[in-house]
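Listed below are the structures to be examined.
Each of the two complexes below includes subunit A, the first together with subunit B, the second together with subunit C.
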Partner chain A sequence: MPRNSVGMLVAALAALAVLGYTRFGAGDFGASVIMLICVNALAAASLRFVMLVGELNVATAAFYGIGAYVSAIATVWYGLPLPVALIAAGLAGALVSVLFGYVTLRTKGAYFLLVSFAFAEVARLVFTRIDAIGANSGMTGIFPAEPLALWYPTITVVVAMALLAGLYGLERSTLGTVFRAIQNNDSVVQSVGLNVLVVKILCLAVASFVAGVGGALHAHANNVISPGDFSFLVAVFALAYVKIGGEGHILGAVMGAVFLTVLGQYLISLGAQEAIFFGGALVLAMLILPDGLYGIAERLTRPLLRALDRTPPEDSVKRSTAA
Partner chain B sequence: MSAPTGTAAPVLTAQGLQRRFGGIMAVADVSFEIWPNEILGLIGPNGAGKSTIFNLLSGFYRPHNGRLRFFGEDITGRTPSQISRKGLVRTFQHDSLLRDMSVYDNILVATVSTVRDRQARHRRVEETADLLGLTDVLAELARNLPHGHQRMLGVAIALATRPKLLCLDECLTGLNLTEVGRALEIIRQIREEFGIAILFVEHNMRAVMQICDRIVVLHHGLLLAEGTPEEVSRDPKVLEAYLGSKR
Partner chain C sequence: MELAAQLLINTLQIGVVYVLFSLGLTIIFGVMKIVNFAHGEFFAVAALLMAVLVNTAADEFGLPLWVGYAGGFVGAVIAVLVLGLIVYRPAFERYLRDLVGSFILSVGLLLLLQGILLEVFGGVPRVVPRMGDNTISILGGRITELRLAVSLIALAIMLLAYLLIQRTRLGMALRAMSEDHEAAMLQGIRYRRIALYGFLIGSVLAATAGALIAPLTAITPAIGGDYLVKAFIIVIVGGLGSITGAISAGFLIALIESIGGFFLDPSLTTVALFMLVIIFLVLRPQGIMGHAEK
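Take a look at the complex of A and B:
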């Protein structure tokens, strides 16, 4: 059995198990943790997707927040159905990110990091200044329409999985190869006739669509949003998920989100000191787990995969993800 | 100055190129042509302006003065990717690779802008790798290749776009004698097979004299001499620039 089909089978079974558990086994508290994991995983995957072109995009927090507000406006003000709200949130995130990226993606490295940080904070301050969306106190009563309420956790998991699968597909496509090429050496990419700025904007737009939908799911899971939920810390936590989970694979972002979100539930009683543990976990992970949780999982399953498939995994060499 | 191919129109015309960096005049006033199917050498002592010329031709720098025409079309001020899509493609002296990616992906990226079909891209990658002797290392990461292969991969990336004018920036640096011989053979073969013009910047004078049809000599940002390898190597001005004058 080729390893790709094994991977697909395992992924499908795991997806079904999570969905079944979410709907029938988890209970209210369990479901809320699972939803939190989903939105965190989406934020992490969005941040990581822009890391493919070599940039650390703190503005992920802004697009996440824009998605949250747009979806809340859609369902609370206009009574639109949830799917419409989710799509509107994703499109709003993507659209704003295109404008932002067109101006800022000409810079890279530390400069882009700083600009994106500034953008995240400006977006948060803008949320606090608009009275119509509740200014500092934010919006309340954000619920999915009644027939869907019972299924909302399940929907969250399905949407998150679909978006993660989409990001993974894009990463594995030729477009993903071009993303990594830009991370490696953007001059070479220009010299072979590709418009680096356009490709980077495209990457940012896709990532921001996902961040926007993540924000929308967050808003409807939490029922309450306020500007404080969308500070640059959203991106910092996303970075922690990516680093601890392992940035070499999108599953690393998911693993990091699962691990730290569950850990966070135990640490929540510590209040503000919670952040110390996240910081500590991040430092420890960088020191002792350079490839993150995904790296460990890969090492543990390697003998099993080798037994399943005797041929050398040439594809994984060809497409090995840059560190 | 005479065109080697008689009546044909030039592939590239550079007219009065000028580029300053602060107070330094890197390229003061340089004009030359590249003719179809010729290998033109661009030489000059360090600091003569060779790399600046390269960056001007490929659009990485904008000239402060002067015009560039490619097959008669004005390409002055176009971006690197626009110029590349027209068929003027350069390699890089340093940092010419996607280091953390496989050789296959390095070449694949170069096919994206010119080839739409997946299968055709795959064929293009294999043909290009074959021509440059990289077929056996397609799955290796570029950074793990021996130096000689890395140099050839730099050429492969440019060639995979199937350029009309291939600009090679010191692609022989660090190669041993056998590798230089092999590389020159490959470059000749590229010219035969694709019928393209090649601009060749190189410090290795023996290689330049061997392979170039014509040579342009730069010195202090100005054109010092132009002609066949024999003419240039006998030119007293060239000897003076390279060896210093007798006092």
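Take a look at the complex of A and C:
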């Protein structure tokens, strides 16, 4: 599809530019903002991936936190190389999410939302209770092992892009179609012989793998983690990125992360309160921007793309998770 | 025996506040089919206002404490009522029966209100001047006069809310609405109007809970959060939208917590409660009284 390939080309060029800038152009501050954007985009994409089956998964925050702690343990206690720490973090997030999902994904809608919220808060409480991982004060000295330390910002960008591309690929695959079918009507999916619970658990596990790696990248970028970093607000901010970017496309989540992270860094440096900023952004988005930035971008570029591409535009069916 | 009486008295004290708080949440879910994450902020607004008003009445005007208590209670409830009206019309009314939209909206509101409360009231814990500090003994269990009075008032409000839902025409409309809103509309019930009433009743219940808890604890703008997690556990166990479920689950959770709090410490009790919810979900996903969404 030409329209799609134009978009992908733009995204790939932008990715290359960011990569080059991170490695050669950005100072320490620039690199830290780019890493923050990558980590936030991963959390947002993870949350959005579960929205494909129609569930709001606040427990994203918990899997993100589990990933951060597991990778910190791998690095600080055992001195394992960074790739091992990242993979361990992703697997830990996915594993816990399978256990969590096996019980809770039988419920849906409001019940799943509330249970996942409670899980996020309970996970945070558990972190504060384990003395071995620093209880309330958390863990420090989480530095990527030596040969890769200099390249860490670049690695963060590459890993984030690879994971985002992977999620996008899955979303476009047959599996993604099944996810969306479950969102629309799970009884129909069940009736053709697919096990809805297993598919939903699979979706949650993939998303939680990404959240876990995101948490691990966060831990190694910050060098310090504490339970307060992993409250349910992680999921709420992720939702803000998804919602403000636009939930119709994975690039929406990325755009939201870029936009809000940069704006947030700027405003908070001026002394604005994080809570008021994100709260205000969410309320405003719900009142005036229901399709998000991606929706606006799409509307603005549609005439241009149409000129480039003479084939009739595909149906732009709005994908909303609203029941 | 004395221990049992004491634990029951503790259960009553914690339970009534939990029930008022979760009743509001469950009524709002029933009519609007939304989960209001900002519910805890309404509670916090009332608690903070109660603290400010009682202190002002005593310090600035030299009024007797009970006048301050009564005035503070009324003022807090009215303020929350106004706040409810302000956020309902332009915002919540557009996201009736939209779980995702209303979640985002109410979480945004939660953060916004929490930030504003922190700006306005500051983070320093506030205390309401005490009255009724004498201890009474009931069957060997001990409770202060103030705590007993608060529990009885909360019980009375709970009973009023229950009668309102079960016995009045408005209550019947609310119940019809949460059962099947289309059938209710066919009967000539005006959905938007009833949804507004349901939202306001729910918010006022949160306000009464906040105003009643104010004299018993130190209040910060973050106080809503702790109650919100507990209330979620209560409505999952009791069944979303169920009145009797919220009442029975509220007292059940309070009982477990007061027994658990006696032997464990509070944050471990919350973890234990969550484990209970998980077990509960495996055995009975639709709650004690509720029906799981189909």
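Basically, the second predicted complex is superposed on the first by the 305 of 323 C-alpha atoms of A that agree within 3 Å, B and C clash if a C-alpha of one lies under 4 Å from a C-alpha of the other, contacts with A are read in each partner's own complex, and residues count from 1 in each chain.
Just so it is clear, contacts are C-beta pairs under 8 Å (C-beta built on N, C-alpha and C of every residue); 3 or more make two chains touch, one makes a residue touch a chain.
These numbers come from a predicted model, not from an experiment.
By the touch criterion defined above, A:Asn185 reaches subunit B but does not reach subunit C. In the superposed pair of complexes, A:Leu194 makes contact with subunit B only, with no contact to subunit C.
By the touch criterion stated above, A:Leu287 is placed in contact with subunit C alone, subunit B being left untouched. When the shared chain is aligned, subunit B comes close enough to touch A:Thr177, but subunit C does not. Within the superposed three-chain model, A:Thr104 lies in touch with subunit C and out of touch with subunit B [touch as defined at top].
Look at A:Leu56: by the touch rule set out above, it reaches subunit C but stays clear of subunit B. Legend: residue contacts after superposition of the two complexes on their common chain; A:Ser269 is shown touching neither subunit B nor subunit C. Among subunit B and subunit C, the chain that touches a larger number of residues in subunit A is C. When the shared chain is aligned, subunit C comes close enough to touch A:Leu114, but subunit B does not. Across the superposed pair, subunit B and subunit C both touch subunit A at residues 320, 322-323.
Subunit A makes touch with subunit B in their complex at residues 174, 177-178, 180-181, 183-185, 187-196, 314, 317-320, 322-323.
The residues of subunit B lying in touch with subunit A in their complex are 58, 60, 79-81, 84-85, 89-92, 95-102, 104-106, 108-110, 112-114, 118, 121, 138-141, 157-158, 160-161.
Interface residues of subunit A facing subunit C in the complex, by the touch rule stated above, are 51, 56, 103-104, 106-111, 113-115, 117-119, 121-122, 125-126, 128-129, 233, 236, 239-240, 243, 273-283, 285-287, 320-323.
Subunit C contributes residues 29, 33, 35, 90-91, 94-95, 97-101, 103-105, 107-116, 118-119, 229, 232-233, 235-236, 240, 267-268, 270-271, 274, 277-278, 281-282, 285, 292-293 to its touches with subunit A in the complex.
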